[in-house]
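After this come two complexes, each holding chain A, first together with chain B and then together with chain C.
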Partner chain A sequence: MGYVLDGEGLDGLVRELARDYLVFAPVRKVGAGRFTDVDQVIYDFVDDASQIELDVKSDYSFKELLTPLSQTLFYYTEDQVREAGGIGAAGDPAREGDARDVLVLMRACDLHGVKRLDAMYLHNGPEDSFYRRIRDRVHFVLLGCPQTFEHCFCVDMGSNVAPDNWEFSLERSDEGYACAVANESLRPLFERYATASRDVVPAHVTQNEVHVRVPKTVPLELRTSPVWDEYNHRCIGCGRCTLVCPTCTCFTMQDVAYTENGRVGERRRVQASCMIDGYSTVAGGASYRKQHGERMRFKVLHKVYDFRQRFGYDMCVGCGRCDDVCPEYISFAACVNKLSDAVDEWDAQHEGSVARDA
Partner chain B sequence: MMPSNNPYIPFSSKVLEVIKHTEKEYTFRMAFEGEVRPGQFFEVSVPKYGEAPISVSGIVPGESVDLTIRRVGVVTNEVFEAYEGENLLLRGPYGNGFEVERYLDGECVVVAGGTGVSPVRGVVEALAASATPQDKHVIVGFRSPNDLLFRDDLARWENLVDLILTVDGAPEGYQGNVGLVTKYIPDLPLRDPSTAQAIVVGPPPMMRFSVKGLLELGLAEENIWVSQERKMCCGLGKCGHCRIGEKYVCLDGPVFNYTQSKQLLD
Partner chain C sequence: MIQDIDVKAMKKNAFRVSKERGMTASRVRVPGGLVSAKSMARIVEIAEEYGRGEIFLTNRQGVEIPGIHMEDMPKVNEKLKTIIEDTKINQEDTSQGYLASGTRNVVACPGKRLCPFGCYDTTAFAQRMDHEIFPNNRHVKVAFTGCSNDCAHVALNDFGIIGMTEPQYDPNRCIGCGQCVDWCQRRSVSALRLEKGKVVRDEDRCIGCGVCVVYCPTRAWTRSPEHYFRVKIMGRTGKQNPRLAQDWLRWVDEDSIVKIVKNTYAFIEEYIDPNAPEGKEHIGYIVDRVGFDEFCEWALKDVELPEKCQRATRVYWDTKRYDRDNNLR
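After this line comes the complex of A and B, so read on.
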């Protein structure tokens, strides 16, 4: 069941939703991009439909809502520890005292990304209390994708059709805007603002310009293959690819001392990246993966192989943001295809031997 | 302190004793009543300096755990001294640890280097108390005679198990064994290497060459166990730093069978 809205109707709908919910949506920040006169589309809270950017892919994903860049875990004094978090705490989506649920507008790929974040934070080891606290307040609105954007490869990753965890969908249509409504309790609201009701099926991408071939299995020998060597020179280890990725979850702990002797302060976790120096440094200074090519291997194999070995599906959702953002124009998609070619070559050379993960 | 179900919130534990092994390595005997096994680790907070995963080097059930901490420059001597009689913040224990029973019956080889002795200390104690301590071969290596840890234990183990204590290098006139731990592996007097169990813990190159030596001696891959050490920020399978391939050292390890660990490439 769905509805058609005109511009005025959408305005009213969003204004009314923003009374009951915090609405988190892609927003165009004029002039905030990387170069002069370039905009940036990032997530922010909105209370007006005119603020929502419906027509392009956001440069950064929604994920900072669920996994804030910096999040205080607890405060400590000499012999006391006080848990942080909750409404209005550092990293909480809401302003102080604001316990409203959050409506996040996102595309199919990102909705699949949420499943990956949940896998890590809720199902890999004990449940993460801080993540759970925010996650329970978050609901999703699906942004339909009538066509692919640059660098997207959601079709090949199987994440072009959204999972069924959204309340309603939103996209442009000939009549203005079209919404499919999955949450029955929202119907009266739509009835008030719609110009008509009709069946709406959220649009999804059926054809990308970019194609990837994910390797079925990666022999251990290929982990030290020359495939990775070019990235020793091309990659500068800036970590942007992981920061824009809707499925990257790594963090590092940081203690912030309030006093000289360090006995009073707080512990935070901040987003971390396997592409950036220091990620694997152990006490004493030793570290793994000093070469950027090795870091590329660590990241790429996680996205299209290692995660699948553990959870049963690939981590990468094909949003292509890593390829959008890379300052060295490295293509993750091309790298995956090179890896698959190398795997095919290896298989041909070792024909008859049983694939180790078969 | 309020008890918390939040796995990130540490609990306060009293430092019962500080045992100084060398200038750089101290053992903190911490009050801890819960269950713990050798090879598991705690996340130890030193406020301002952060949290670090530290293996359990000794257990008094229901009473205390020993945490042997190496001072590597960030956590200063003053910080160490300051904590005697005070409290440290702990989380844990984490990780799988050693299944001690596995090593008690037949022949067993333990190869440990430096602070790698910490996680196996409890295992060696169990081997020494087993029915066949003479079949338990323990090779322990340190950098120099000044770097020895657990001197009292070593002296005791000498009379219980087949102990080979060695140092990488020593000043002239040193009476003991000098050489890497790998030097002693080929001459281990095993009756049936194919069924012997082995544990290897230490710096990565030492583990690699020790395992190679054990395989050459005829030990089976599936009977060799190693304990891995990686950067960890959470110990809960979340922060990502300790991941190798599909494994998380904090959840799936730190003890791995060699058939698994040989598939892990950092």
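After this line comes the complex of A and C, so read on.
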């Protein structure tokens, strides 16, 4: 069952939802891009439909809500510890202490991304309580995808159709906006703002321009494949690919002692990236993956191979944001395909012998 | 054939006197260095029809068509009409060629239209400036560059305008990766440092180049909505006392710059050496003669500098005076 809304209806709907929920959605930040007078679409809290960017892929993903870029976990004084509260960006006074649930607007690929974050933070050994604290308050609104965006390869990753964990869907239609409503309790709200009701099936992408071939197995011998070598000079190790990725989960800790009183301070966790210097640095200054090609190998294999060994499905959801953002025009999709070619080549050369999995 | 040509009028009409008697070159003005392919085709046409099939690209982004017979100048001017209109030169009468040559072509690097580091639309500002100050016979050089890298060599101009952005920092988006600190040190002026996992910017040292914004992987650094500028003044090449322009204003706005440059024309009218060769004297020499304070008085007339703008009350140019000493020791 679904509803059709005009612009005014959507305005009213979002305004009313924003009273009961914190609404977290892709927002066009004017001039916030790297380059002069270039916009950037980043997730933020909205209270108005006009703030929501429905028509492009967001440059950064929703994950900044569940795993903030920088999050203060607790503050300590000489004899006390206080856990930091609030949702969203740490220290954001507007959200601190706001106990409302959160509605997050996201596309099918990102909804599959949530499943990966859950796997890493909730089903991978002991639960992460800070993640759990936020996750329990989050509900999803599916943004329909009438067509693919540049660099998307969700179809080949099997993440083009959304899982069933959304409350309602939203997309543009000929009549204005179309919503499928899965959560029955929201029906009265839609009845108030809809111009009509009709069957709505959220649009999903059936064909991408980009295709990836994910290798079924990767022989351990390809650890030293020449596939990785080109990235030694091409990659600059900036980590943008991992920071825009909806499924990258790595973080590191910062223990901060305040200047005025060194016995008072806070512990923060900040997102980390396997592509950035320092990630694999150990005590004494040694580093396991100095070469950018080695880091690329680590990242790519994690996304389309290693994660699958543990959880049974690939980590990458094919949103293509990594390919959108790379300043050196390195394509993750192309790398996966090169890897598959190398695997095929290896298989052909070693027919009959048994490969050791990487 | 009698050749009786008013050379001074010809020069003002943007034709050069060449060493080959009877031959000239047509100087096509290209404000901001951006010319349409259509006008470029017209330049080619002139070069093939009236020149010797060659086009010279000038240092100031203009175009010169050499090998033109002086008697063909009126015909060349006729052909220039569409180019003058297309490049939006501020002339009502576009049929007589260029009406002045004193104020030099306004130069601009590609700026934000192309360059990842460009802090503003250099082309648009150059075109606006050209519209404000041309045609004029006074010898004034203005150049625009998108960032402190100064690819446009604005430091060799009377007015060199450099784009700036004021980096905006959102600590909540900062992961302390230190790339901005590293790149600021390697590509710029080391104005950033990491302190307790977050970045501190030395506001005095920061030149507003935007390198931190370009390299930040999380959008913790973004650009200010306002476009700011640094103005360097009185740079020049030449025989007597070539020197690089020096900083006069920073964090200044576009409108103030336009006013200041226009005001400077009145200053020149008042104080130019009446015996200056061909009525041309670099403004810097006039400023040297009448004093910096007097220049400021004229240049800043009716200009309300924004509160954020910093102004050097004294500017020093320290370079060799070849007219006094040409000794290498």
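Everything that follows uses one rule, which is that the second predicted complex is superposed on the first by the 332 of 358 C-alpha atoms of A that agree within 3 Å, B and C clash if a C-alpha of one lies under 4 Å from a C-alpha of the other, contacts with A are read in each partner's own complex, and residues count from 1 in each chain.
Following the convention adopted for this analysis, a contact is a pair of C-beta atoms (placed from the backbone, for glycine too) under 8 Å apart; a residue touches a chain by one contact, two chains touch by 3 or more.
Just so we're clear, the structure is a prediction, and the values are computed from it rather than from any experiment.
Q: Counting only touches as set out at the top, which of chain B and chain C does A:R268 meet: first, second, both, neither?
A: Touch status of A:R268: second partner only.
Q: Once the shared chain is lined up, is A:Q309 touching chain B (first), chain C (second), both, or neither of them?
A: After superposition on chain A, A:Q309 lies in contact with chain B alone.
Q: Quick one: classify A:Q254 as touching chain B (first), chain C (second), both or neither.
A: The answer is both, since A:Q254 touches chain B and chain C.
Q: Looking only at contacts as defined up top, I'd like to know whether chain B or chain C touches more of chain A.
A: Result: the larger residue contact count on chain A belongs to B.
Q: Would you sort A:I276 into first (chain B), second (chain C), both or neither based on which partner it touches?
A: Touch status of A:I276: second partner only.
Q: Under the contact definition given at the top, report the residues of chain A touching chain B in one complex and chain C in the other.
A: In chain A, positions 254, 257, 272 sit in both the chain B and chain C interfaces.
Q: Show which residues of chain C lie in contact with chain A when the two form their complex.
A: Residues 112, 116, 118-121, 165, 171-177, 179, 196-197, 210, 213-220, 222-223, 225, 227.
Q: Taking the complex as given, what residues does chain A use to touch chain B?
A: Residue positions touching the partner: 73-74, 76, 79-81, 83, 120-121, 124-130, 220, 223-224, 249-255, 257, 261-263, 265, 267, 269, 272, 274, 279-285, 288-289, 294, 298, 301-302, 306-307, 309-310.
Q: Would you mind writing out the residues of chain A in touch with chain C in their complex?
A: Residues 29-37, 40, 42, 60, 68-70, 89-92, 238-240, 243, 254, 256-257, 259, 268, 270-273, 276, 278 of chain A touch chain C in their complex.
Q: Show which residues of chain B lie in contact with chain A when the two form their complex.
A: 1, 4-10, 12, 45, 47-52, 70, 72-74, 87, 89, 229-231, 233-234, 236-241, 243, 245-246, 248, 250-251, 263, 265-266
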